[in-house]
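Same chain, two partners: subunit A is paired with subunit B first, then with subunit C.
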Partner chain A sequence: MLELRKDIFADERDDNLNEIGKGTQRQDMLGHVTGTSTYFNDHKLQGMLHLKVLRSSHAHARIRRIDTGEAERSPGVRRIIRGADVPRNLNTLLSLINFGKDDEPTLAVDKVRYKGEPVVAVVADSDREAFEALAKIRVDYEPLGAVFDVEEALKAGAPVVNETYPKNTFTYYEIYDHQKLRFGDVERGFASADHVLEQRYQMSPIEHAPTETNGSIAAPDTNGRYVVYTSTQALFFSLDTCAKILDVPSNTFHFIGGTVGGGFGGKVDTLTEPLAILGAMLTGRPVRYIFGREEEMQYGPPRGAERIYLKDGVRRDGRIVARKVRAYFDSGAYTRLSSYAVVKCAAHLPGPYTIPNVYGDIYCVFTNRTPATAMRGFGVTAMDFAIECQMDKLAHLVGMDPMEFRILNAYRDGDMKAHRREAKNTALIECVQVAAEKAKWSLREEFKRMSSRKDGGGERAAVPVTATDPLKPARPAAQQRTPYDRPPRPAAAPEPPRPTPPAGSPTPAPQPAAHGAIRFSSVFGSRRR
Partner chain B sequence: MAKTALQFRHNGRDVAVFVEGGVNLLATLRDLVGDMTPKFGCGQGGCGACTVLIDGDAHLACLTLAETVEGRSVETLDGLKDGPNLHPLQRAFMEHFAAQCGYCTPGMLMAAKALLDHNPQPSREEVVNAIAGNICRCTGYEPIINAVLAAASGGRARA
Partner chain C sequence: MARHRGRGIASINYPIGMNLGGDPSQALVHSNPSGKFTVSLSSIDLGQGMKSVTRQICAETLGVPVEDVYVDTADSDTGPHCMGSFASRGTHRVGNAVMAAAKEARGVLMEAAAEELEVNAADLETDGRGNIHVKGAPHRSISTKDVAIAAQFKQGKTISGRGIFLVPLSAVDPETGEMSPATCYAHACMVAEVEVDDETGEVAMVRMDSAYELGRALNPRLVEQQLVGGAWMGVSHALFETTEPYYPDPNHGPRDFVEYLMPGPGDVCPHDIAVLERPAPDGPFGAKGPGEMCANPVMPAVANAIFNAVGVRVDELPITPEKVLRAIKAQGGARPQARR
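Entry: the complex of A and B
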């Protein structure tokens, strides 16, 4: 239960926040209309150098040799940066909350895993000189078979995209290759249904295309610190990520940001700061690294592609009795945030409806495509598109009005959701009623009278008898742990089933982080019950 | 590389800089003049964030060779205010919530100023046409269109 400690600072706080219905000016509006809002790239620093990266021309290839000799002698070049120059050249974004294994280098070393992956960085006096030097770098690639389709990537014999995850799937709780949701018995549900509808849906990657491209400027500051102006949407997250990759205490950095020229989720991946700072460390000069428009559109991370299979059983009276979901999230070549999107998707099933039997298998799959990231509602957006298309088709199948069909199946206060949390403050019925009214769509009287606050709970609050799946074999030895992983824990939660740990195998103590970034408590470890 | 002397009027003041051959007006304004109000969004004429006025007409600074503005008048958002007083377009943008992230705003305002300077009472369609080359990825076009129309009907667009 959330507790508001209103006694603290009671004398300083005004609780009469009567703001609704009144216009309130944005605090940054005057800056925006006068052009004085300071974006990262509006800082002009004395002696600033320019960093550009050479990107992979292959979707999947082994790097045999990198020759930077001619580039080093190119006019204006101050420094060439290669993977070996990056203190900790392997990271995964969510390692800061101990979720996932380090799987992505800042600069590729042995292999490139998507077209456009950064391989070498050049720091030069001007953009032009940096580009000219890039053109003189020779990389000898040995092309490898690539896989671009999530279901192809899961087939036996598919190319291994990322050796950290040799099955081409993210690994949950050390052993699971996907997220499962089991609630009731879908097969029995299908048997009791009058109609069963199975459909396939998919969504392509979507680029955020912010008007300001990703970028940052890093400059040596006093006391051995570095000031970093950045376009990031996640200032402190980026700061700690840089502390980890560059292997320095996080108080080495003073990050300045917050004025972002459009993000929408495309500026949370700490894409430019580590190399800009490293460039500043290696040259002792301010260094700017900004994406061009082509880089932003082609190699900036998009909302990931998804493929979704839905199978629903519906009765003649309009009640959905079973929903079975199989979905594949295309993470691209590295994890970034897709592993989390899958968790969010599983928790969202079966959508805002009360369905007595639900079954979900959601996979985070690695392919040789551009790594995917956050974007407005990611994890839920494509699944909701699929579910709502399916709802229209189901309504048609049973001859019901699609709005009334949604009201009939909507969750209500007190209902048990498939992930075993009681539904509270539900409002789908009211949303549909208002939408129908605005669209001048006539609803029958009984549907106008329905309410999210009535007729929920009771039988609908029960967790049905649910069979559990047999346990799959343990994780392959090839998947190495990193200091950022949670230590293995003995089985505590009843679901999903886990083997009883063999007697006398103590839980290893958590290892201290080998770098300066702060270790956060594990959100994902403490939330399950 | 040899540099060329370049003189032009920048928001009513004479400026002189030395530019390399092939340098565009956007880089010249930002890096040499120090006017950060025109923004870089694409460098290929696709987004309109760098829109400035050259002799009163809207141009994309990223596609304009710096040397072509020799002796001409360049106006940017930095010169839109009249001393401490906001231009009617700026006031209208504030009042109509016509900016979110703010990155397209300098280009939008200059495109709108070019319109109102030539056509003080535009129709809605003419406003839409005037900002058709300016992308707002926060998708706030409606408030922007309303703000331009409000500034026009305020009757003091030509400040």
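Entry: the complex of A and C
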């Protein structure tokens, strides 16, 4: 049951509108309830072939040899695709916004880094014939030590999961192995607290579980173009990713999608389109590549599992005075989007509360498991679980009602947030008050009278004196960044020349450390503002 | 051996749109000669109602009935660029782009109507039912259909508009994390009531009461669909779901919906929702977006309710009967906390 509380914040709205605010029936309702809405897999094209991939049976192994001889002679097989057939067999999704290094092949070449990593693709007349051919491919693996725990992966001597990031962590701003947040002085905050509580929280990897699994159908169109029916959540994101991997201009493709059977973040990674299109390019026939349920569940990317350590200082009167956070995002074997979620997580600290001292170190860690990706609440869900369990424990510790404890600490209009922007348009207090009312949870009168629009700002608007970490020397970029719309061909884009120190000279002086604001993404590159 | 009831709460906020911005969306709006409008997007409808929300935004901005607008999504040849349907950005980013495009189209529509009625466009208003009339003189009126015909065949005007919405990309300070992550935030508070069986460790949902603040609720039924479904996902994350039951040991992962547990119809509980609307200054008609945040408060609220019921803290998701039972045994039995 849903109730609109029009009485709250009524002075900030004009409710005299014609169409907005009405529960109008969905435009696509009739199609959905009669089963006539068109999804990508409803396109049955004449002469359509079927693509399936052979997936790694090891979590971490060197590939010694791949023998596809018998598979090639298998009935119905039209084409075997190997890593060497992929024009640009190394990509990272966020290269489209100029963030991160290319670290993931479409088909594994020298090494597999997680169980289920695609190694070879087979295009055949039917799904069955494709599966039968896959069973005839022989891969000679040399198993390597694997690491599955985020904190083990950071230890010296841990197996290197992904050579692009040899320390098993994503690199931020060319210098750091984590994203920092620094606001005030947490150690002084802890010293002034009556209670200090440190706890560990663990999120689990979770499947998006869409009704429709990931998939796409690519077909040769007239005039050298390809039409692609896809389940993607991000049409141009997928189109531009394919243009990069297949090394063709983006207008080679006509992507059609828009009606998707559930996404929740699991259909951003463009997992099927590049191979489906490549299959169509190599055979001249329409090619379908759709995940089975087991592939979707185990080898399609899950919500990543974060491990979070929270340390809070709270005073007897219920005020939280310091919050220190150390969190590890388990990215799996490749970056995909976890690097982005880490920054989003840092921005989210310390949750919707005004705390004068906040400290965060958030790591994006590589392990030998299926790469994680976005899922509903990306970067925030696990942190909210940790913070809100912790809030309950803190309220218990100081003997306060947990609702009143949250209202007391809630951020209000005019407060300074830990990422150093003023809080505006806040409404946490009102949500707690209304939820209490709904649940018949009694609040003391003074807490019922509190408001997001009152008593914020002032002292609470100050940016406290903050110590930052000692600066470390910057390392030069190991890999050239690519612009958003037109990735250069690898052959035409050699590493930018670097000054070579004269022989015998001492190690070059460390470059000045990057400090001050750095753009981390988009077409502007990693430039200072 | 007994069943114990407990209540727990959680309160959260959630940023709208991609972190740091820099995530544009475009929209095109045009009328056919009968005064029916098409919105062309490359955005995706995942089932959340993208087409319907943008349709209402377009109709409201143009001043025409919603039946006169059709939204065409996700064709890269006809729909202009959109970053994608994620990061709770659809309503806010695409909605704003559609609004901008509809405003431009409305400008031409009113100019064309003014020419037909031989008045100044500034003196005209729409009635939201498909007519344009002189302010204060409803009898001096023309239908959008007649305006569209005149624009196309007589005046040679294109009733169309282009829109883009971009929150400029924010920089990040590597040392302090100073940044502008989002322009607006949604809020929520959830009260979950559970019943814990101290013999089996099983947790049953009894009820949920919640308050969500989402900016303006553009379509309350679509909002309800998101909040009800999202809370269900939250319950599922809290108590059931994992692709790696022994994480970080990757073995024994589920392969289908027989092995991957999720709550069924018998596990659904009543959920009483209040929606608050504090309009976002930069949202389309003040809208923020309910999409992602609705699952977030449920997990901790359930965990906190379990503590209230039996006195154990399970800090690792999912909170399976095994974990609850082990924790109860470790503390020598259930210790119900003060009833709330």
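Note that in this section the second predicted complex is superposed on the first by the 452 of 529 C-alpha atoms of A that agree within 3 Å, B and C clash if a C-alpha of one lies under 4 Å from a C-alpha of the other, contacts with A are read in each partner's own complex, and residues count from 1 in each chain.
What we mean here is this: a residue touches a chain if its C-beta (ideal position, glycine included) is under 8 Å from a C-beta of that chain, and two chains touch if they have at least 3 such contacts.
Owing to the predicted nature of the structure, the values given are computational and were not obtained by experimental measurement.
Student: Between subunit B (first) and subunit C (second), which, if any, makes contact with A:Thr34: first, second, both or neither?
Tutor: First partner only.
Student: Just subunit B (first), just subunit C (second), both, or neither: which does A:Asp469 touch?
Tutor: second
Student: Name the contact category of A:Asp42: first (subunit B only), second (subunit C only), both, or neither.
Tutor: A:Asp42 sits against subunit B, while subunit C stays out of touch.
Student: If you stack the two complexes on chain A, which partner ends up touching A:Ala427: first (subunit B), second (subunit C), both, or neither?
Tutor: Second partner only.
Student: Scan A:Tyr172 for contacts with subunit B and subunit C and give back first, second, both or neither.
Tutor: Second partner only, subunit C.
Student: With both complexes superposed on chain A, which partner does A:Thr373 reach: first (subunit B), second (subunit C), both or neither?
Tutor: A:Thr373 contacts neither subunit B nor subunit C.
Student: In the superposed arrangement, which partner chain does A:Ala305 touch: subunit B (first), subunit C (second), both, or neither?
Tutor: It touches subunit C, and subunit B stays clear.
Student: Check whether A:Ser339 is in contact with subunit B, with subunit C, with both or with neither, and answer first, second, both or neither.
Tutor: neither
Student: Who touches more of subunit A, subunit B or subunit C?
Tutor: Touching more residues of subunit A than the other partner does is C.
Student: With both complexes overlaid on chain A, does A:Thr213 touch subunit B (first), subunit C (second), both or neither?
Tutor: Touch status of A:Thr213: first partner only.
Student: Where on subunit A do the contacts with subunit B and the contacts with subunit C coincide?
Tutor: In the superposed arrangement, which is not itself an observed complex, subunit A uses residues 25-26, 28, 209, 259-264, 293 for both subunit B and subunit C.
Student: Subunit A touches which residues of subunit B in the complex?
Tutor: 30-31, 34, 36-37, 39-44, 46-47, 49, 76-78, 80-81, 86, 90, 93-94, 97, 99, 101-106, 109, 135-138
Student: Can you tell me which positions in subunit A touch subunit B when the two form their complex?
Tutor: The touching residues are 25-26, 28-35, 37-39, 41-42, 44, 208-213, 259-264, 290, 292-293.
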